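Two complexes are shown next, each including chain A; its partner changes from chain B in the first to chain C in the second.
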Partner chain A sequence: MSATIDGRPIEARAGATILDACRDAGLDVPTLCYLETLTPVNACRVCVVEVEGARVLAPACSRRIEPGMVVRTRSPRVDLSRKLVLELLGSSVDLSTAPTLEPLMREYGADPGRFGPAPATVRQSPKVDNDLYMRDYSKCVLCYKCVEACGTDAQHTFAIAAAGRGFDAHISTEFDVVLPESACVYCGNCIAVCPTGALMAKHEYDLREAGAWKPEVQTATDTTCPYCGVGCTLTVHVQDRRIVKVTSPLESEVTRGNLCVKGRFGFEYVNKTG
Partner chain B sequence: MVFGMGGGTSSYQEMEETDCVLLWGSNARETHPIFFHHLLKGLERGARMFAVDPRRTSSAQWADVWVGVDVGTDIPLANAVGREIIAAGLVNHDFVTHATEGFEAYRASVEPWTLARAASVTGVPAAVIRQMAHEYARARRAMLCWTLGITEHHHAVDNVLALINLALLTGHVGRWGSGINPLRGQNNVQGGGDMGALPDRLPGFQHVENDEVRQKFDRAWGVTIPPKRGWHLSGMFDAMERGELRAVYVIGENPIQSEADQHRAARLMDGLDFLVVQDLFLTDTAERADVVLPAAAGAFESEGTVTSSERRVQRCRRTLDPPGEAREDLAIIFDLARALGHDWGRPDAESVWNELRVLSPVHAGMSYGRLDEHRGLRWPCYDESHPGEAFLHARLWERPVKGRRAPFHAVEHTAPADALSDEYPIRLTTGRRLAEYNTGVQTRAYASPTRRGETIDLSPEDARQYGIAPGELVRIVSRRGEVMAPVYIDATLRPGLAFMTFHFPEQVQTNQLTIDATDPRAGTAEFKATAIRIEKAPAAAAAT
Partner chain C sequence: MDLHITGGEPTEDERAAIDALLGVPESGWEGAARDIARDGRTAAGGHSVAGQRHRLLPALHAVQDRVGWVSRGAMNYICRRLSVPPAEAWGVLTFYHLLARAPRPTAVAHVCDDIACRLRGAEALCQELETRLGPPLAGGSPAATPDMNGAGVSGAVEAAPALRRAGAPAPAAMAWQRSPCLGQCDAGSAALITRAGAMPERFVLAPAADASAIVEALAGSTPAPPRPTVRWTGTPRLLSRVGKVDPASLDGYREQGGYRALARALELGPERVIAEVTASKLLGRGGAAFPTGRKWDAVRRQPATPHYVVCNADESEPGTFKDRVLMEQDPFAVVEAMTICGLATGAAQGFIYIRGEYPLAEARVGSAIAEAREAGLLGADVMGSGQAFDIEVRRGGGAYICGEETALFNSIEGRRGEPRSKPPFPAEVGVFGKPTVANNVETLVNVLAIVLEGGESWARLGTPASTGTRLFCLSGHVERPGLYEVPFGATLRDLIDLAGGVPGGRGVKAVLLGGAAGSFVGPGHLDLPLTFEDARAAGATLGSGVIMVYDETADIADSLHRIAEFFHHESCGQCVPCRVGTQRQLELLPTLAAPSASSAAAAASVFGELSVAMKDASICGLGQTASGAIESALNLGLIERPVKGGE
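The block that comes next holds the complex of A and B.
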């Protein structure tokens, strides 16, 4: 179907979202809670665009494109909205391990300091309650990706969900129990989709705490998991001749970025012999 | 045996688009978690699922129907499903007529397996057998998937044939979303077989007793290959027993702890003239070796390929250098060849792979470049323009059928070799847990928060009957050995059924209990069916 984005006529696939159409046309729309392997939840409002004739801004990640639609991905209204969203996040959340947000802040001129010297924050102590991963909700932007990956979009374990309302909304296990008492099976598929480092493998967390996390010297090499016969692609991150992290590519037809506990964490035997 | 190539027929993607899944003897939720993601997508789209398993596993909890079959009665169940499909007029006659042979003999063989008789033998209610038969046969697309619950029996091959018969009856093979799939338990079980690590196969799953095939390899390699099949693993132990096998070279296996009837395995390996073990670790088997060759970790420190349960050949890459004197398997084997007077040149995984591509038509199109580009390719892949096949045996739907018809195999029930008795009244079955792997040599190095060590899992009813508390240490006795283990009470088990893993041999040597009764055609021991009794440990018995 035909539509217009930023003054350019485009042809979009049936069922495509505005975001799909933009990306197909080579136009960049920033996202935060969106991931191609997850169902859009429209939580972050970073991807909003202006649709001519519409009263409110539309989330590009989930609004389907329609014939004749006229879309503006940048306009004073869009930019103001994105700037405000980023400022609210930046003022209340620790974004120190969210590398994708920093350039956005700059691009939109976001000033998280403008809400005064002591804005409300979600600051709290990191939860370290098991040997495989930690949760630092000071860094959580409530994008819901972890909930979706743990739920119907991938893992179907349902160990976590959103609890509370308004500013008190947060991601929680049932009754806020520690992970070892929850339904968690430690696949780490939540870590894999977390955009801010709120969820992190304990291995990485410990190295960062010790000032020994050095992404600039790390290599990332794809191999195939040594365990069962499913054949999951592992991207093996190596630093100083030791495996420090394992991920899987979103583009893999087999995994779509997901792994099980052995694939994601079962590499220590290689380090122990090394 | 039925179709000519040994491999799952379907791609994972098809699990998402099928209408009915029979998951038979597989706890894929825990043993193949990412495969289960694809299955879950299918369930989300409305597929029906039957989980055939003596245990109400975490996989069965996702099923529409849990089919709680008694251990070792899969053939009566499958034959009754087949009989019901025939009796209800649900046979795909077009497919049976054109693409199969032996239907009449099969029909006669399953005739005695009425629903009532099967119910009494299998423990599955007649109505459930009937429902499974009708839903599987009527589904537009249906998948049959199994794992070691089918193959770790003394009649492993017959079990598989009994399942394949159902796919032939209904035409649920050779089409998108319909297939029969063994889920492989190790990352290269499929690839090992494909590469000729079977007693009767050359690389490319080509039969060593086929003169034409063998001569092709003779010419390529400049040698004369022995024209007879060798021994499979259980056959090797039998040959050790007879004194015919005196030297063994073990690569990446820990048979002392992974083989059934461990006392016998240890005795036979101790009696060898010469044992070489090539491994990452000084395993219990390596401890007994005359020579230990330290090896690099296959998936992380070596170049090569592995083949998955959907026949996808994928690369393994050297992500870091192996420690100390450890070397890649390929380099060790090349040096061994040189020491034996054969210079194969420089060990290079891609060159070896390209040699395979010349000799194995189904791999011919899989250059390293294409494997990289496509993130692996599924065999068959005949040339460099071939995309690889998502599913196998489409030929069975051509009219007239292309190639050999798929034969039905009439198979008869035989009870597990280790019979239950008054002395050994409990059926022990073994398997894996999510976070652990085999004898634990790899998994014990990482800190799994769910690890609870070895236990003997008992039903609440049995625990009550024996007066056993959770965590209590008990003695478990089989006809071959005895071990001590703490009790874990598991409500997914039925009375008379116990479960153990073999992940923690340093704590409990579970395979001292198991029986090495083996299917002579497959060489897989009957790990799934051991007769045991539970005894309260002396201290606990005195205290109560």
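The block that comes next holds the complex of A and C.
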């Protein structure tokens, strides 16, 4: 079907979202809560665009293209909303391990400091309650990705969900129990989709705390998981000849970025070299 | 679903409350104790159990009613019964402020301290209660999270276990908490009283004259239900039976013309009923003013089945009480109108979602449904037509956002009341993912007269673009707060005069039109005709029909603060502009009245941008309207800076 984006006529496939159409046309629309492998929740509102004739802005990640639609991905309205969303996040959440947001902040001229001297934040102590990963909800932007990965979009474990309401809304286990008491199976698929480092492998967290996390010297090598016959693709991140992290590529047809506890965390034996 | 459930079993009371709603489980698969001989060779579960998810909120209510709070053991048992993961059930439990998740006294007063009641002294009442009963419970506030052991959240809570050991609800087993608007704005003060137990009681005390009256109500007295003030000009269409018909009597309803409209609708058939509703140009009365006929037609045409009717009775807009009065005083009218809607749109099942703060409306609509069913006016063969339609009452849990139709659908389905992204619209994908008509109570009740009179004839009243009559909820500084029915076109001044004017002959400083989600207009707008088109042209909205009058002595800043608190409390938290924006709005508000002109201007500039982004980028109407009242107050100069500035 035909539509117009930023003054350019485009052809979009049926069922395509505005974001799909933009990316097909080589146009950049920033996203935060969106991930190709998950159902769009359109919660962050970073990807809003202007649709001609619409009263309010539309989330590009989930709004489907309609025939004849006229879309503007950059306009004073769009830019203002994106700037405010970034400022609201920057003023309430610790974004120190969310590298993708910093260039956006610059691009949109976001100044999170302008809400007064002591705006409320979600600051709290990190939850370290098991050996495999930690949860630092000071860094949580509530993108729902981890909930989706834990739930129907990948793992079907349902160990975590959104709880509370309003500014107090947060991701939680039932009655905020520690992970070992919850339904968690430690697949780590929540960590894989977290965009801000709120969820992190304990191993990486400890190295960062010790000042020994050095992404600039890390190499990433794809291999196949040795544990079972499924044959998941692993990307092995190595620093100073030691495996420091295992991920799986989103593009992998087998895993779509997901792994199980063994594939993601069962590498310590390789590091034990004597 | 393979559930992982740890930490606690229900008490006998909790189990009994849940089984009373869901039935006794027949096997380990459905929540009974596992018995390998019985359960080992069968598998009951899957969709038959997971399909029960929509009973989650009723089950949580059942425990809340019986015990006064929801323990981990009770929640676990509900999860087993309905195959809901505990983390998701916790997400639902923590969403609704009428549900407590820590032990608390069994008798709790939810005292309205919202804008309308504040104009009539709610803060003084709260101070008096604090002296009598101690500080308010924080349990109603979503900000309060208990620790893992479920220990208390305030002083009053800690007394509870001792009281339970004593076995009987001692006089000290009572507490209070502040509440957003209870929809009793015509009474001037109000408290929702909840007493948990085997025979739970929930009722509203309005007016709540003083702290003693509330304490007495908590201790066991049940006051007579209030009689509302209702008035109209001309011939009332919506209020004709209010105060004249016995709300409990189907015969009484029929004597006053009840069920003639359904009979007529059956003669006409679905297409002509929809044609009449379309010809009437009836616009939705919940706030969005969408053409009702178009909505019905769209649902009727949907190939997907089944279709549903949802009556939105989650009236929670501060200052609004019109739907409550209709449901309490003329419940059969609501039932009849829903039935007409169901038959016209091809739906066999309707839901009426009534806010949890309206126990009397819930009881009266519930008994009207039962009586109508008994009389063959609901059920498999409605009025001998061979067509089926039935209605189920659902109780809200204390969440303003559930008045947003897609949030309401999620709530019915047993999920958090988070709005969905539109499109797709409810006519296509509504409750349970099926085509759904969602209409407000007042909208539906209008249909009775439309069907009887014919749409065109009905539309003669009002203006060409705003047909019919409208219910207006007058509150604040007027002599006779109450519910007023007037044809569209009456002015603001007409309504205020009808309500007896401003007490003491004082002047009007401002009027809040449309509730907290609406906007202030100044005395210059008193001759504004109250129609959809005139309001829009004036940059205002009729919203849910709220007219809250502030006289020249009123403290507008106090109201604005309460409005900002309200949206902060009621935001669902899903999208960034609303979740963080309502927090920042609350923080910025005092700085708008900063003593120095330059810092106030700087704050206004930040607030202005924030307001635009909340309007433009929020998912739903809550975030989109949350800054409107404050913005209008700024524009009207109602936010005053102290005269002696720092410059």
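Convention: the second predicted complex is superposed on the first by the 273 of 274 C-alpha atoms of A that agree within 3 Å, B and C clash if a C-alpha of one lies under 4 Å from a C-alpha of the other, contacts with A are read in each partner's own complex, and residues count from 1 in each chain.
Criterion: a residue touches a chain if its C-beta (ideal position, glycine included) is under 8 Å from a C-beta of that chain, and two chains touch if they have at least 3 such contacts.
Keep in mind the model is a prediction, meaning the values are calculated, not measured.
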item	value
Chain A as common anchor, with chain B and chain C clashing or fitting	fit
Geometry of the superposed three-chain model: angle at chain A (Cα centres of chain B and chain C, steps of 10 degrees)	110
Touching partner for A:T223 - first (chain B), second (chain C), both, neither	first
Partner chain in contact with A:N130 - chain B first, chain C second, else both or neither	first
Touching partner for A:Y186 - first (chain B), second (chain C), both, neither	first
Chain B versus chain C as contact partner of A:E268, first or second or both or neither	first
Minimum C-alpha spacing, chains overlaid - chain B and chain C, in Å	5
Common interface residues of chain A - those touching chain B in one complex and chain C in the other	156
Chain A residues touching chain B - in the complex, by the definition given at the top	130-132, 152, 154-156, 179-180, 185-187, 219, 221-234, 236, 238, 241-243, 249, 251-256, 258-263, 265-274
Chain C-facing residues of chain A, complex	41-46, 48, 56-57, 59, 62-64, 77, 80-81, 83-85, 88-89, 91-92, 114-116, 119-120, 141-142, 156-169, 172-177, 181-183
Chain A partner contacts - residues on chain B that touch it in the complex	12-13, 31-35, 37, 40, 44, 62, 183-190, 280-281, 297-301, 306-310, 312, 314-323, 326, 375-376, 434-435, 437, 441-450
Residues on chain C engaged by chain A in the complex (per definition of touch)	1, 3-4, 6-7, 72, 75, 85-91, 94-95, 97, 101, 142-143, 145, 148, 150, 399, 416, 418, 421, 423, 568-577, 579-584, 587-588, 591, 606, 609-610, 612-613, 615-619, 624
